[in-house]
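The structure is given below, and queries will be raised subsequently.
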Amino acid sequence: MNFKKRMIKQRIAFLILSVISIGILFAIGSIFFVIFVNGLGVLNWKFLISITSFDFKGIPHGGIGPAIVGTFMVTGLGLAFAVPIGILAGIYLSEYRSKGKIFNVLRIMVANLAGVPSVVHGLFGLAVFVILFRFGLSILSAALTLSILALPIIIMTTENAMRDIPSDLREAAYALGAKRWQSALFVILPVAISKIMTGVILASARIAGETAPILFTGATLYLAHYPTAINQQFMALPYMIYGLMTTSMNISASMNFAYGIAIILIILITLMNIAIVILRLRTRKISS
Amino acid sequence: MKSKIDLLILISGWISVAIIVAITFFLFYNWFPLFKTTNPIEFFFGTLWYPTAVPPFYGILPLLDATLWISTLAILITFPSAFVLAVFMTHVVPKRMQYILKVFLEIFSSMPSVILGLIGLSIVAPYFQNTLNMDTGQNILNAALMLSLITIPMPTSMMEDFINAFPPEQKEGAEALGANKFETLTKVILPGLKGPFASIAMLSLGRIFGETMIVLMVAGNAAIFPTSIFQPARVLSATIASEMGETPVDTPHFYALFGIGAVLFILTFLINVVGEIVRIKYERQMMKE
Amino acid sequence: MDVELKIENLSVYFGQKQILDSISFEIPTKSITAIIGPSGCGKSTFLRTINRMNDRFDDFHSKGSIIFDGKDVLSADYPVEELRRKIGMVFQKPNPFPKSIYENVVFGLKIHGVKERSVLDEVVKSSLEAASLYEQVKDKLSMNAYKLSGGQQQRLCIARALAVKPEILLLDEPTSAIDPLAAKQIEEVLEQISKEITILIVTHNIQQAARIADYIAFFYMGKLVEFGKAEKLLNAPDEKLTDDYLTGMYG
């Protein structure tokens, strides 16, 4: 085949690729656009801080205050369980058992835990936290369930972040008589912490947006007040979108409300992602 | 000479194993009482899922069938799209743009799936129904499209990493022989990445298989055997999500839903393990070369 | 001469591969002993066996004994953290922690439970002085150690090792990654501190060994060929292998 023909073939191939790619990216971009167009109308301060109410036609009024607080509470509490355990588990994989058969088994288990469908986590939470431990339908049960979703993300990022630290720092600590945990916690962890933070933020973005695991562990569509204790049921942003779209008697009136919530969720998650990008740039600077 | 902290780290290190074991145990523990009233053959091969009828039917075959339809269609859309996007990002756009697109896709991939459900339900479904004259807009195609959109960023980003990390000396070898970028891609890079791409496909499938909210909201929720992608369907995960909330504890229906959870758990586990085995096999091959 | 370390019939293996073969000699106290030999002769492995840094490799195992204070440091019940407090180590590449200069020096003390601020302050001063770094950094002890030059970082690592008052200091080619001027400063530091503690230094630089060592051990292919007073071994070695190495037959 001559040179020109091959060149033209390459051009055509890349052109087709580009058209399809731009199409997909356009579809994704238009999702953001549609959400903002439909939801901006309901956004104001009152929407953020008021209690939700439904009139006799099932049309939602007021705001999403309790749902925002509920989402923050389950996410925060979930992280409080998952972060310390996840970091220690990551330390175990990178500093204590960094190779060999058992390491492979543990790592595959972490990967598998990350692959468990979220609705199955919901079933597990129902069976263990709600029924067996008698925590009932509550913020506590939901947070514990969500913490199991967050765990593998935190374990994997911690392991990778610690593994990336050059081993001469470990040797320096060991040579001074440091025990393994002292080297891990006092020398390696402080260096790896900003990378680990990206995993923690990633995990919080993930669990803040989850619906299936909280469906039957404590979330409820309607609550006339802000949550005050962790043994109460709670409203949550993602569950509210689902509830408004599937149980409302007036879908079109509920729709804009749902899009308003979607905007809030997207803003929250975008902020978290920006934090991750900044952290990554910072760690890159430090290591270079 | 183990300190308390060592012990704490050890226990945390094994927690993922403990949780996997506990999940398995509790799914089966809450499933098996079903077989006091329902024959296992009826559960696995029964063609009717009418859990609240009198007498109730707990056959999961229609749910399995629908899961297969939707997942197959979704992976058929997701995988080629992700591949095309990955090539576009690595071979067509400039480096800076590649980074921006990567961040953009990353943000999109962390979007809660319930939002995609919202879009599918309030925009795509009416469009299908009113403009394209389908019988219902809440159908297999709609669910598969929404599922693909939310899944695409993950395999794209992984493929992109693999293409970027492809050994430069092999690339240069091809280029030195006069191959252009496209020929290097199709004749050298892609054949070399068969293994990782297969494992990426399995991982994406695992994701699609277990995703709940989108199918729950846009697939139409009819427990029938679909004959075309324009029909509604009801999958395993969505059945649990929509029914568990109203099911009393320790009833056959409750047990049956845990049974569905166990089936879903085992299937995704198998998909992930196959993906992992493919990946490890590929790594071995790389070592030999 | 007093004996600090008594090495008896030491053999070391990584898996099937034997790295050291029946090494026996006695290291004199409060002096500098240099270990020389071509690369791959096992001299670094030997050094890392003394403070058991090789323990963390699964396929590492050893025979024979290293007697220190009347006890065999290689026996499994010898507490390894205690051993490493008494036998410090400085590595080829400077490896300060990414912490302040102050935190670097006190790290060893802190993990061994010393908390009083006044004690820590005093040790920071004396250790940095011993490593002749104090004058240069006394006003910026809270500065990150990574901002120091390579030679300063290596002297900080020496100060860090000295802070826990070791009886022996092991150095693994400590000047090979830094410039010659900084290397000379470190040699002076070593000569100074050898009045107080025993120093064991691995070097591939024969001139360096000639400048600072009181005793020299020559390793070749995992075996100890010759050990003796520095002037004797350098000028009139007993073994032909030693002579060949010194006259440059191995490059």
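Which chain is which? They are A, B and C, in the order written, and residues in each are numbered from 1.
Quick note on the criterion: a residue touches a chain if its C-beta (ideal position, glycine included) is under 8 Å from a C-beta of that chain, and two chains touch if they have at least 3 such contacts.
Only a predicted model underlies this, so the values are computations on that prediction, with no experimental measurement involved.
*Asks:* Using each chain's Cα centroid, which is most distant from the centroid of chain B?
*Replies:* C
*Asks:* Compute per-chain Cα centres, compare each with the mean of all protein Cα atoms, and return the closest chain.
*Replies:* If one averages C-alpha positions chain by chain, the most central is A.
*Asks:* Quick one: name the chains whose C-beta contact count is the highest of any pair.
*Replies:* The chain pair with the largest number of C-beta contacts is A-B.
*Asks:* Indicate the whole-number Å distance between the mean C-alpha point of chain B and the mean C-alpha point of chain C.
*Replies:* About 55 Å separates the centre of chain B from that of chain C.
*Asks:* Which integer distance in Å separates the CA centroid of chain A from that of chain B?
*Replies:* Once rounded, the distance between the two centres reads 17 Å.
*Asks:* When the centre of a chain is set as the mean of its C-alpha atoms, what distance in Å lies between chain A and chain C?
*Replies:* Inter-chain centre distance comes to 49 Å.
*Asks:* Using the touch rule from the top of the page, what residues of chain C touch 2 or more other chains?
*Replies:* Not one residue of chain C touches more than one other chain, so the list is empty.
*Asks:* Would you pick out the residues of chain B that each touch at least 2 other chains?
*Replies:* There are none in chain B.
*Asks:* Would you give the residues of chain A that are in contact with at least 2 other chains, written as numbers and ranges?
*Replies:* Touching at least two other chains: 179.
*Asks:* How about chain A: which of its residues touch chain B in the complex?
*Replies:* 6-7, 9-10, 13-14, 17-18, 20-21, 24-25, 27-28, 31, 34-35, 38, 85-86, 88-89, 91-93, 96-97, 105-106, 108-113, 115-124, 126-128, 131, 148, 151-152, 155, 179-181, 184-185, 202, 205-206, 208-212, 215-216, 238-239, 241-242, 245-246, 251, 255, 258-259, 262, 265-266, 269-270, 272-273, 277
*Asks:* Under the touch definition given earlier, write down the residues of chain C that touch chain A in their complex.
*Replies:* Checking each residue of chain C against chain A gives 51, 53, 56, 58, 81-85, 88-89, 91, 93, 95-99, 107-108, 110-112, 157, 160-161, 164.
*Asks:* For chain A, which residues are in contact with chain C within the complex?
*Replies:* Against chain C, chain A makes touches at 99-100, 168-169, 171-179, 182, 186-187, 190-191.
*Asks:* Please name which positions on chain B make contact with chain A in the complex.
*Replies:* Per the stated touch rule, the residues are 3, 5-6, 8-10, 12-17, 19-20, 22-23, 26-27, 29-30, 81, 84-85, 87-89, 91-92, 101, 103-108, 110-119, 121-123, 149, 152, 180-183, 203, 206-207, 209-213, 216-217, 237, 240-241, 244-245, 249, 257-258, 261, 264-265, 268-269, 271-273, 276.
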